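Here you go, one structure.
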Amino acid sequence: MSVTASAANTGAAPAASLLRRLGQGKALPVSLVVAAILLIWYGFTVYLNTPWQIGVYERAGAEWTAADLVRDTMAQDRPVLPAPHQVVAEIWKTTVETRPTSNRSLLKHAWITLSSTLLGFAIGTLLGVLLAVGIVHNRAMDRSVMPWVIASQTIPILAIAPMIIVVLNAVGLSGLLPKALISTYLSFFPVVVGMVKGFRSPEAIQLDLMRTYNASRPQVFFKLRWPAALPYLFTSMKVAVAISLVGAIVGELPTGAVAGLGARLLAGSYYGQTIQIWAALFMAAALAAILVALVGLGQRLVTARMGGRS
Amino acid sequence: MAQAPVVEARGLSLTFETNDGPVQALSNVDLTVGKGEFVSFIGPSGCGKTTFLRVVADLEQPTAGHVSVNGLSPEAARRARAYGYVFQAAGLFPWRTIEKNVALPLEIMGFSAAEQKERVARTLALVNLTGFERKYPWQLSGGMQQRASIARALAFDADLLLMDEPFGALDEIVRDHLNEQLLKLWARTDKTICFVTHSIPEAVYLSTKIVVMSPRPGRVTDIIESTLPKERPLDIRETPEFLEIAHRVREGLRAGMGDE
Amino acid sequence: MAQAPVVEARGLSLTFETNDGPVQALSNVDLTVGKGEFVSFIGPSGCGKTTFLRVVADLEQPTAGHVSVNGLSPEAARRARAYGYVFQAAGLFPWRTIEKNVALPLEIMGFSAAEQKERVARTLALVNLTGFERKYPWQLSGGMQQRASIARALAFDADLLLMDEPFGALDEIVRDHLNEQLLKLWARTDKTICFVTHSIPEAVYLSTKIVVMSPRPGRVTDIIESTLPKERPLDIRETPEFLEIAHRVREGLRAGMGDE
Amino acid sequence: MNFAIAGALFFWAGAWALNEWLVRLDPRAPGLRRIIDLAVPAIFGITLLVVWEGLVRGFNVPTVLLPPPSMIWERIVGSLPTLWADFRQTFLKAVLIGYALGCGAGFLTAIAVDRSPFLQRGLLPLGNFVSALPIIGIAPIMVMWFGFDWPSKAAVVVVMTFFPMLVNTVAGLSASSAIDRDLMRTYAASYWQTLFKLRLPAAGPFIFNALKINSTLALIGAIVAEFFGTPIVGMGFRISTEVGRMNIDMVWAEIAVAALAGSLFYGIVALVERAVTFWHPSIRGG
Amino acid sequence: ADDLTLQLKWVTQAQFAGYYVAKDQGFYEEEDLNVTIKPGGPDIAPPQVLAGGGADVIVEWMPAALAARERGVPLVNIAQPFKKSGMMLTCLKETGIEGPEDFRGRTLGVWFFGNEYPFLSWMSQLGIPTDGGPDGVEVLKQGFNVDPLLQKQADCISTMTYNEYWQVIDAGIAAEDLITFKYEDQGVATLEDGLYVLEDDLKDPAFADKMVRFVRASMKGWKWAEENPDEAALIVLDNDATGAQTEKHQKRMMGEIAKLTAGSNGALDVEDYERTVDSLLAGGSDPVITKRPEGAWTHEITDKAL
């Protein structure tokens, strides 16, 4: 905002070049797309909330105009689809206007979810890479483990999550770790799939070269397979971090749904408080976007360090 | 025979299975390369020169026949790091700078950091790439990439060098320079060199023995022992003796092509 | 001047920005290639030959100076599909068979299926690859891959050919054969050809004009017009006239190297 | 009690040794090779089941926590019609349709993002945003929008599968090498020609990664979505209902069906991958 | 103090006020108990948690508890703070439904996860099939909220007198526009929120003693909550870690809950028990339980506690 303001002061030509710079940066495209989405969203808000609103008018026997309708559809307590500004207001209220230590603070819930997401993601990535290493290096593992890793992913996690948590509690694990393990369970898979492919992506000639050096397996791994797999690693990690967040949120349900964005979503949904649901959804999505962007940043840094061209 | 042969092939054959039928790349090849020899392989494109080097390097398994390297199986020789291999394509790792690419085998073989540095500098100088240490492969021209890959193979000083058209993408002057350097290195260190080339003068200038191959299935049609002295100034290439050998090689090639 | 030049470069310079400072690849190059000329570029490895062709092909933007192709900007010429380009590395698509690789430009340019078939067969025959239509690139030897990429560039019959060391990995006999074929094609069709090579005899045998370049920053040090007739049997290479030109080229190269 | 545990562990050790021996055999005959390729995972799986049975029996784990495989098997055999009806509702309708739409949408968005640098900068960050719209948040909303039946589940699957496809396709589209792109430039190939003839084939390995990941994700998504309102049929419905009824054997019967269907689905995608990206070093054999 | 874990059936709300009050007011402490209250949720089956050792005592509905008992989790009712059932079916008047006989051909929202038993036994007593068809009812697995009714995706939905019903009202639908069928009024009420433990645990005298003290303190909590509904609601609110509950809603819920707990001193009324069992057994072809359970309840604890 302040950028545009200062541009206005500095005259037309610099303003034009600034506009061009903005066009090349992310700010302008993102805001335009966001604006487009907001417009569509408001449209749907009116459209989806209208039937209910008309019902209200009818029950009250009130006269109403189109303007009333538009205004009222955007101000319902339990809208089918809340208007963007209602969601923003809710987010503002629960982040800025609420103490972060309060149970009503969205920041607190986001933090709780984030911590198990990160823990689960870290364990999941590590586990995924280790499994991929095993699969690429050991034929027995390739043949026997991979099919079962796949099968494991078809087990609906929500179904066994309570059992996992019960079992983990029984062996004395509680708190962050059980939730994180559900994130792990979901996030290691994209990493395995991506890294198996990545570790196998070096060209035959590159592997031959290492063979002529009689390089040991660890040497082939660290000097060839690992760098060659990095593009796959980052792509997998982007997917994994997003799924981790989903896992952490899902994992909050069977742990008693006491705190975290998942608990928040559930409670909102239980009481039909759509605005609260959407606020939590946005918080979760924003977290995901930030996490994915961070992985992307890591990707750019590493690619730049590795010569920066494919 | 005082000394065991460095490379010995007996009745060597190799057939590739492909989607539309088998391709016989080598057929019944017999060859002996003695210690300290400089053997050039020459033959039409696709006749199996690369395949032969790959079998010696234990990168391809023969379907019939037998090879030994330093009296060992190719695999044992590879494990003993008996040879340095220059591939036909440069095959540099895109994420490593030139100096790091050249240092790769040194890292793997556990040379000290100081030693690595010294050797990288020395071999890069040998192939005229000083000043490009910090560049990435895609920032080099085709010929420079090829030279970097030669430096990489020379860096660790193997006794046997397998070189697959190492100088193909180089201009005459650099090529002459590298030819000289290679000959010097060979004379000084008593290395054994197997060298694939398409240039008849190059083959004659460098070799003690020239192996002429014929295409599909790859067979050895002629083996020409050079009568040139070990000491070879560049202008030896104008001597009648040189031209005579070159002529023989050319004839051998033509004969091989003829019966296709 | 009756005919507009096909390629015209004026004061052309190109500097690459790299992680450790700028690399000047071309410096103030002036050159005119007329219609129907066969121009060879020769010069030490890394002197900017490839870069020059890439600028002409609109794959690289000059940092200074001006190029035109058929009187158009390189971009317009590229869009008009004015040229065929043979890259220094084969660059075949691994998911396509050889015939499909050769057919690629034809598909893109919208040739009919029958026409594609006919052209693929013809150009593959020209480069001696008949019988390998259904193989995948990794099943071919290095020289065969290079020939496939030549076939790909010839298939669509552009008026201007930009060829970057097309025959580098080929044996003398195939090379002679392809040299002859190329000359015939050129004589028959009045194509304009820009040809990078490291072989002085090849350059002299093929060209109407030989551009000698010197290294870093790449400059044109000499332009030698050939006095050889358009009709050139292979044994023209033994004539004194031929040797005289070759000598001039060699001297030009040496001189260029000297002042580095 | 410890007899069961010891037996299971003994069996495990034996099977492990057998597998190690089998993979080392490496026979030349392709027929025998295929048999070994199938036998190894099967032996591994059987071992898992035996160890499971042994541990559950040995430690007297309550069946409401974890029933032994034998009990699950009996339940599967006894409830085939129910399992089939659930499978049809969840897999054949919600999963397959949602998967196709979600992968398709992710793919097309990636192309759009790729086609227009403007969208690349505008839409991609928002794509990341969508990536973690948590399933428990969207599932109730989808029920609200698309009703109780399978369309709302398919919609959840669409949202879940969209992002992996988007990210992988975007990464894959930049996987072609610079020289290959230059080649297409020299042909003045149009954007679409370059896309179809070069960049999509080169992106194949990445795209198939997404298709594989999504094949399991879609199933999880559809099943979990059914926890949030559904007609009284479907794998997710059955699972949550039978957990509440303490029929854990039925839960595992559904899970077994899910695992079987998911593995088959994945296997088919992997087979197609082998056929389509046969040229990639990871499949050509590196 | 003795540690003790209580697993609730649902999220923190006034439905469980007695336990939170007892904890908050120090009633448990007085009995030398250190009680941990674990909230439940849509995905938590308390009997499973109990069987897995995650809790010592659970709050569960009797139909689900008896069904679990048949499936091999030997639950025993040790106390029954809820006398009456709060379940009902709530329909929009505009659908034209006037009595249970009008259900045929309608779409009804039902909670599953073990909460469907009362509904199923009611329908089978009415002789209405629950598998769709023109003659039966179309059953939807209802999600967490009352949306299906508001969105008119269902003609009737399950509600609790203390919770979902008020959400419908809060959503702006007047009570006159609704018609409700309380399970109590239909004579198909089953016992709700009771306290259950594992049969084997009870054999341990130390455990039984712990339970005696727990039930005594909990009932004290319940009575306190009945008498001070507003304060009780605030205590519940303090314990809600999600921060999603509202004061208005919890106060009202507490008021409704008090109506259900009134009339129970904590001891199970055997008549109520028999009625529940009869209702569950009367399920026709697919009864909730197949035989009359034995040893599913005990007065041992309440006798000592009260």
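Order as written gives the chain letters A, B, C, D and E; numbering starts at 1 within each chain.
As a working rule, a residue touches a chain if its C-beta (ideal position, glycine included) is under 8 Å from a C-beta of that chain, and two chains touch if they have at least 3 such contacts.
Because the structure is a prediction, the values reported are computed rather than measured.
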Chains contacting each of chain A and chain E, listed by label: D
Labels of chains that are neighbours to chain A and to chain C: B, D
Identity of the chain that, by mean CA position, is farthest from chain B: E
Centroid distance [mean C-alpha coordinates] between chain B and chain A, Å: 53
Geometric centre distance via CA averages, chain E-chain D, whole Å: 38
Centre-to-centre distance between chain E and chain C (centres being mean Cα positions), rounded to whole Å: 85
Whole-Å separation of chain centres (CA-atom averages), chain B against chain D: 49
Residue list for chain A, restricted to those that touch at least two other chains: 80, 158, 162-163, 166-167, 203-204, 253, 266, 269, 309-310
Chain C: positions in contact with at least two other chains: 89, 136, 138
Interface hub residues of chain E, defined as touching at least two other chains: 42-43, 45, 48, 52, 143-145, 147, 151
Complex contacts: residues of chain D adjacent to chain E: 62-65, 140, 143-144, 147-148, 226-232, 237, 240-241, 243-248
Sites on chain C touched by chain B in the complex: 16, 18-20, 23, 42-47, 49-51, 88-89, 134-136, 139-144, 147, 164-165, 168-175, 198-200, 250, 253-254, 257
In the complex, chain A residues that touch chain D: 23, 25-26, 29-30, 32-34, 37, 48, 80, 139-140, 143-148, 150-160, 162-163, 166-167, 186, 189-190, 193-194, 196-197, 200-204, 207, 231-232, 234-236, 238-239, 242-243, 245-246, 249-250, 253, 261-262, 265-266, 269, 277, 280-281, 284-289, 291-293, 309-310
Residues on chain E engaged by chain D in the complex (per definition of touch): 42-43, 45, 47-48, 51-52, 64, 67-68, 71-73, 112-116, 130, 138-145, 147-148, 151, 153
Touching residues on chain D, where the partner in the complex is chain A: 19-20, 22-24, 37, 40-41, 43-45, 48, 65-66, 118-123, 125-126, 128-138, 140-141, 144-145, 160, 163-164, 167-168, 171, 174-178, 205-206, 209-210, 212-213, 216-217, 219-220, 223-224, 227-228, 235-236, 239-240, 243, 251, 254-255, 258-263, 266-267, 280-282, 284, 286
